[in-house]
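Labels A, B, C, D and E are assigned to the chains in the order they are written; within every chain, residues are numbered from 1.
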Amino acid sequence: MSDINRRDFLKFVGAGGVGAGAGFYLADASKKTVEYLIPQVVPPEDYVPGVASWYNTVCTQCDAACGISVRTKEGRAKKIEGNANHPVNQGGLCARGQAGLNALYNPDRVRTPLLLEGGRYREISWDRALTELGRRISSLRIQNQIDKVSVLSNTQSGHIGELLDRFIQLLGTDHYAQYSVTAPHAIQEANRISFGEPTLPYYDIANADVVVSFGADYLGTWLSPVHYSKAYGKLRQGRDHRGTTVQFESRMSLTGANADEWHAPNPGSEGLLAMAMANVVSRSSAVADAGAWSQSLSAYAPSRVAEQIGIDADKIEAVANAFASGNGLALAGGSALAGTNGVAVQVAVNVLNYLGGAIGREGGVIFNSDGPASKAASFAQLTEFAQQLGDRGTEVLMLLDANPVYDLPQSAGFSAAIENVPFVVSVNSFLDESSAMADLVLPLDTYLEAWSDASPNPGVGFSVSSIAQPVVQRVFDTKSLGDIVLGLSAQIGSELPIELPWTSAEEYLRGVWLDNYLAAEPGGNEKSFETFWRSVLSAGVVGQRPASVGGANVSLNSSATSGMDFGVGDFSGSESERPFVFQPYESVMMGVGRTANSPWLQETPDPLTSIVYGSWVELNPATAKELGIREGDLLEVASDSGTLTAPAFLYPGIRPDVIAMPMGQGHTEYGRYAKDRGVSPTRILSDLTDSRTGALATAATRVSISKTGERHGLIKNDGITRTLGRQILGPHSGGH
Amino acid sequence: MTTSVMGLFDYEDDFLAAARKLKDAGISDLTLMSPIPLHDAEKVLGLGSSAIRRFYLIGAIIGAVSGFALATFSALSFILPTGGRAIIAIPPFLVITYELTILFGVIATLIGFHVVSGLPAWRDKPYDEQTNVNQFSVSVELGEGKDADRIGQIMSSAGAVNVKQVEV
Amino acid sequence: MSEATYQEPRWDEVNRDVLATMLNTGPRYWWLLGISITVALVCFFGPWAYQLYVGVGAAGMNRSAVWGTYLSNFIFWIGLSHSGTLLSAVLHITQSDWRKAIYRSAEAMTLFSLMTAAFFVMVHVGRVWFVHWSAPIPNEMDLWPNFRSPLMFDVMAITTYLTASSIFIYMGSVPDFAAVRDASTGMRRRLYTIFSFGWRGTAKEWHTLGWAYTFFAVFVIPLAVSVHSIVSWDFAMSIVPGLHHTIFAPYFVCGAIYSGTAGIVTVMFIIRKYLNFERYIREIHLDNLGKLLVVLSLIWTYINIMEVFTTWYGGSSFEMEALKWRLTGFYAPLYWEMILFCAAVPLLMLSKKIRCNWKYMLIISILINIGMLTERFIIVATSLPRKFLPDSYGFYFPSGVEISITIGSFAIFTTLFLIFVKWVPSVSIYEVKETLKPLKRGSVEARS
Amino acid sequence: MSIVEKYKKYRKAGYFDKFDYHWGMTIDLDRCTGCEACVVACTAENNLPIVGEENYRLKREIKWLRIERYWDGDYPDAKLNFIPILCQQCDQAPCETPCPVGATYHNQDGLNTQIYNRCIGTRTCAVYCPYEVRYFNWFTYKWDAPLEQQLNPDVSVREKGVMEKCTFCIQRIRDAKDTAKDEDRRRVRDGEVKPACVQSCATEALVFGDLNDPDAKVSKLYKDKRGYKVLEELNTAPSVVYLKKVKAHV
Amino acid sequence: MSISVLDALQPFKKAVFIGLFGLFGLVVGVWANTTYFSDKAPVQPINFSHQIHAGENEIPCMYCHAHAATSTSAGVPSVEKCMGCHKAIATDRPEIQKLTNYWNNREPIPWIKVHDVPDFVYFPHKRHIQAGLECQQCHGDVQNMAVVTRVSDLKMPFCVDCHTEREVEHGRDCWTCHK
């Protein structure tokens, strides 16, 4: 290489240098990123990394109180499954129950106590928060103005509920209410009238032959869906002969979709229908006073009332006969009980059950569950409560896990009333509509972090109770309701701390259970209790299914139907200008809105429409055709008490004169997943109530619909929901 | 350092004539250059079928074998059953075989071309640029028993427009 | 320049004219190159980079239509690549002289559309940074590609095709590289010396080249046919209604040659016009290609009719649905546009007047390729979203990124072609000379 | 094993070894109520991402198990049918053969498996699958903290450009096998493994088990006269058998 | 003018040499990095010596890594466990005092992983221990290491080769190790 001079040589060296640099960098870049290995400082007992441990507790996503087992690994909850030993759900669990983890790990949870200062929330310590609140309350107490303290709570069952009641009682304020939007007022009232039992009976669907349901969506949302689903599975294929189900409702619910027969009576005529069936049944009824009944029911011969009901007389006859011949079981719920005549309908159904001999019979209605009479306030009472807030000049309003602003129609007047309360405290896991108006927000544990206990109501035919224990360390700086109550009473001072001597909800709970245990077990002592307590915790439930589920024999008051009007109830709005009956229904995913902040549920298609994210208006294709409405057209739904707009969905399973809408969406707060998504149908409901219970008649509003001209494509899974003659549903399943 | 005599021709027939004459004169190592392939020129040099065919054949065979082998052995190196089909599935493997046969065949032919034609020409050779435009040339490398003048004379007699000695 | 006044170029003129296009290029060329490179960067590589960053979700595909424009464009470009080499090879073997003026640019087209197609594979896959796993490279995991997969057929076929056709075009241009070498100086001369392997045009060299070239031609024909059959199998091997047809392989091959030939016409027009090859590329070429196009369009139409007929005759719910959707669904307008451009319009070329008119032919050839582009799109976009379960029926519409990348791909092709024009004689010098009057006493007079 | 033996053995089509287990499922459409509990269970168990409103609108949801709806007739005789569609774990799976890198294959348990970190995302399998149960990660999806604390450590979180599908909760199968080994059992007991969907089903419509075990509940239901396989005519030999819904009237 | 290819190649000679030198440099660079800046033996927050514990004092591995035989992860001893001994033993050493600080502040010790498998790999320690493997087969002779050093990259071939030669049941099935 003669012709290589110094400059070339430098070039070579330079190239070498650059190459070396590059090589060094490459090798560095290809190295693994540093992974740390963080040990426990002090390992909790039974902690094994890489091995899952299961904790049994109780689900509170709805009021059914299913037992759940939570799988935890490295101290984090990974999966919620039904507790196989729990008689309510026997291992099954609904979508909402599964999504409990979204509540636990929700990014929008309130993480520390928040105090409103200068229009903005400031994070403060628990001590500060409780002192602040305690100070205000005790000062009011000292001034004898304790009735200026108002407490509105979500229904609190179990002993924590009792603790709360006790606390309020000691506090001395009489302005205290609990409520639940789904509380079955009508059923309880009707049962009181018919049988003198103001409770929820046990419906033994599993062993019935013909289940006739008047609007009760027992597979989707009614009372205890998972338990009934288990029963349904048994009814269909779990026994020697397959039971049949019939559904009467104006809008096909999940249960209706699965029923062998689905019929849509005129809205509100379910009472008549039940009576008509009772009329048929009474002819062949085996009950003692059947004769008398067939007399009094003569007015309701199917041929006479079929017109008002809107179902052929012989169809009614057929169903009734089937009901009578086999083990018939009649249920009522949903829109059927949500009219102004709800109680009447349930009474009629009771009559039907009675004449069918379903009362106390296996495969029938069994009155033996020791479920407490409902503490839930009715809509009328709540309106009164809101009224009172102003009238008595409430100084401090405590909202315990309650969200009246969203749950109730504007006509209840809560948002206005809360505005005028000087100091509003909201105890809640999330910043929902009501909490957003509060001056002080106390972050509440989710049910997976708190101690409590529960007995299912409606029961399962025998007495059951279970303890809810924390399954993970608290994710944020939150407290359970029990702890807050106890902490607060300590702050308020005077006799409260003496009366409520416990330092924590857990201690309180153990105390109560110990007392009950010692009362129940003659030879019991602290030691044996310890084992009992642990066994309950590990089993997640106490209470065994007896050999046979007998019912207390209750008989129907002959006067039950006296003075009852079984006719189609009242509706707000004139039929002429508001041609459609508006039926909001409890959404399978969102319930009445408490689970709307779960991303999983937001993204899980609605079982019947496959729609996700947002709300929609269901109307019959025929109606739509008439009005020139296509799917996704933005409709304006107007009632006498308001209007809303939502996209249309053509739903083959709904009466042409009925419009239905799912509840649960349309939050204006409540975290990123729920906020500003869809609309809530409750907003435009009239304030009509059931005269007997004062419960809001959600299905008693008439509306008119009109196209806004805009379109808002629905987000849904379904492409074409016809099989196009393909044998997807099985050979020769036909269908086009 | 060799010298060769090069004659340039305007016309194809002159050029061929010169070539033949030289051949008759017992000069065999002629280099005939033309802007286009001329079969007559090849005839003069007696070029029949080319050795390149063997390359193609060998290449194709190697390709076929290695193609099937590749597919087979890679399938066996990790047994991943798919869709209940055979692990060594002949029909699909034949496609691979087919493609590789052609690939190797083509590459072999390329190699063959270089081997047979003696390209690339590493060092300089007698050449006149006009022969790639519109002239024809015959060039003879001088050695013992080759008289430059005589060769030149034969060329010009055949009608060479220009006879020169080229040193490379 | 009409045939009557046509006067054929002298041999030295051939060199001059052809080399002129390489040795002295005006500013117009550089402008064009600059623009097409910019477009390629902005419309293709930009969006692609974005897509690499966020994920393939940047495109409009979804769970029911997991394949989209990227794949349809891939087929289109592969299709365009046919006929280039294939035609050249066929015509070489059948020794039809009219090939000689046009085959170089045609083969170039093959090469570059293949490269563009290869780009689309990269754009299509979800994790392009692992795409080397689909190449048979020995690795420590001793995991190999799955040669039972139609996609692997593709990988092998396209690699082979790319190699073969690049060698084919290179071999053909070695003597011309020599010509460039002789006409140039300095660095360019050095480069072309290397490119041409020091070619002298000796009888020996010509002889070997001739043999080699013929062999290449012989390989390339079955290869080209196999390549597009295999591309069609990517679809036909699936059981998707509307794709699972035995006729797909011939359908694709014929379609490919069809669009390729049309492409040649377009390219021919441009070269002839902007590189002043009026004297080399002439009505005769247009005429022959026109005839070829008519024949191909007829075959193509026939296959299309057969596809519909067999489906209708078979009458399976799945196939019928797919067909109905294709003929009357959302994309029906595209379908009928395709029929119009690819089946109806070409029939105009039955008249010699139109066939021999550059302007008409340009328009027709472009229309045909638009039609073929949409054909590929329809195949993908109407079948995949509607398979077997009606409830899962979906819909596909390309996103902005996809459209932009589609446009960009044309820019890539143009860029490559412009570079080719600058570096390789776009008309084969020596083979044109073969078609001219031989330099024999009597046949031509001595130069003045 | 010599190359010749190997050749002889692997030349045959079909499965050259009997499946160790042959996991199968039956879905009783007469029990299924379409309540979607299984869908959420699957989401929770397998770290399925939350794709968000816009992606859902584009039909890019990821639900390894979905419930399809088919209407019969019109009002007032409208009838709605539900059918859960999950990967049918076909023994002659059309989706397996076309994968160029062998990221999806049939393992010795009769499972149609997908190796996420081998996938290069050609999406061919999804095209070839007639049941459309393969789902593609169009983006790398994020979980808003602290939601990520719920992620199941036994299932890897998939990155963008990767195909994913129902695995019959293979991580649970694996755990069950581990337990069996720890207890010196060769086989997993019937009912010991329950995929998330099966476990959550309140009506017990879904039954899961080993088809090689003649006494397993699933094997018995497999022979039920109502049983059929979806798109059987495509000869994909699914491992999932559906029990046809009973049509009845009072 | 010359038509020789060699002559034509002359000017490219230097470029080629530059390329070669660059390549050579690259190799050197990679080598240097991997040899002298290797992350095989990271610097730990506390300079813990397995040699003293496992080697000289012959504490069995599973005394500290208690879960190796029963769980997927071997488990790293809790600070409490360390203190169990070091409340009394060698309390004066600076490293032990570091430990004591951690303990007093109730802080975990941020050990750096030496042997680590990617997230998509399912590696149950218990299966391998129960199969009779020695810890050393993957982790090397830890008892002789003052500073723990990675002895095997734990890449796929490492696992598969062992599975193959020990003829592990379904040892070459992807889902045996991947998740």
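Going forward, a residue touches a chain if its C-beta (ideal position, glycine included) is under 8 Å from a C-beta of that chain, and two chains touch if they have at least 3 such contacts.
Please read these numbers as outputs of a predicted model, since none were measured by experiment.
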{"item": "Contacts common to chain D and chain E (chain labels)", "value": "A, B, C"}
{"item": "A-D or C-E - the one linked by more C-beta pairs in contact", "value": "A-D"}
{"item": "Centroid-based (C-alpha) most distant chain relative to chain B", "value": "A"}
{"item": "Innermost chain by mean C-alpha position", "value": "D"}
{"item": "For chain A paired with chain B, centre-to-centre distance based on mean C-alpha positions, whole Å", "value": "88"}
{"item": "Rounded Å distance, chain A centre to chain E centre (Cα mean)", "value": "52"}
{"item": "Chain A and chain C: spacing of chain centres that average the CA atoms, whole Å", "value": "64"}
{"item": "Rounded Å distance, chain B centre to chain D centre (Cα mean)", "value": "62"}
{"item": "Chain B, residues touching no fewer than two other chains", "value": "75, 78-80, 82, 85, 89, 120-122, 125, 127"}
{"item": "Multi-chain contact residues (two or more partners), chain A", "value": "717-718, 721-723, 728"}
{"item": "Residues of chain D engaged with two or more neighbouring chains", "value": "61, 68-70, 94, 97, 99, 102, 105, 118, 231"}
{"item": "Those chain pairs that satisfy the touch definition", "value": "A-C, A-D, A-E, B-C, B-D, B-E, C-D, C-E, D-E"}
{"item": "In the complex with chain D, residue positions of chain E that touch it", "value": "118-120, 122, 124, 126-127, 130, 170, 173-175, 178-179"}
{"item": "List of chain E residues in touch with chain A within their complex", "value": "14, 17-19, 21-34, 37, 39, 42, 67, 70-73, 75-80, 102-103, 106-113, 116, 124"}
{"item": "Residues of chain C that touch chain B when the two form their complex", "value": "10-12, 15, 136, 142-149, 152-153, 156-157, 159-160, 163-164, 167, 171, 174-175, 178-179, 182, 194, 197-212, 215-216, 219, 222-223, 226, 230, 430-431, 433-434, 438-441, 446-447"}
{"item": "Touching residues (chain side chain E, partner chain C) in the complex", "value": "1-5, 7-9, 11, 155-157, 160"}
{"item": "Residue ranges of chain B in contact with chain C within the complex", "value": "10-14, 31-38, 41-42, 44-45, 47, 49-50, 52-53, 56, 70-71, 74-75, 77-78, 80, 82, 85, 89, 92-93, 95-96, 98-100, 102-103, 105-107, 109-110, 112-114, 116-122, 125, 127, 129, 131-134, 136"}
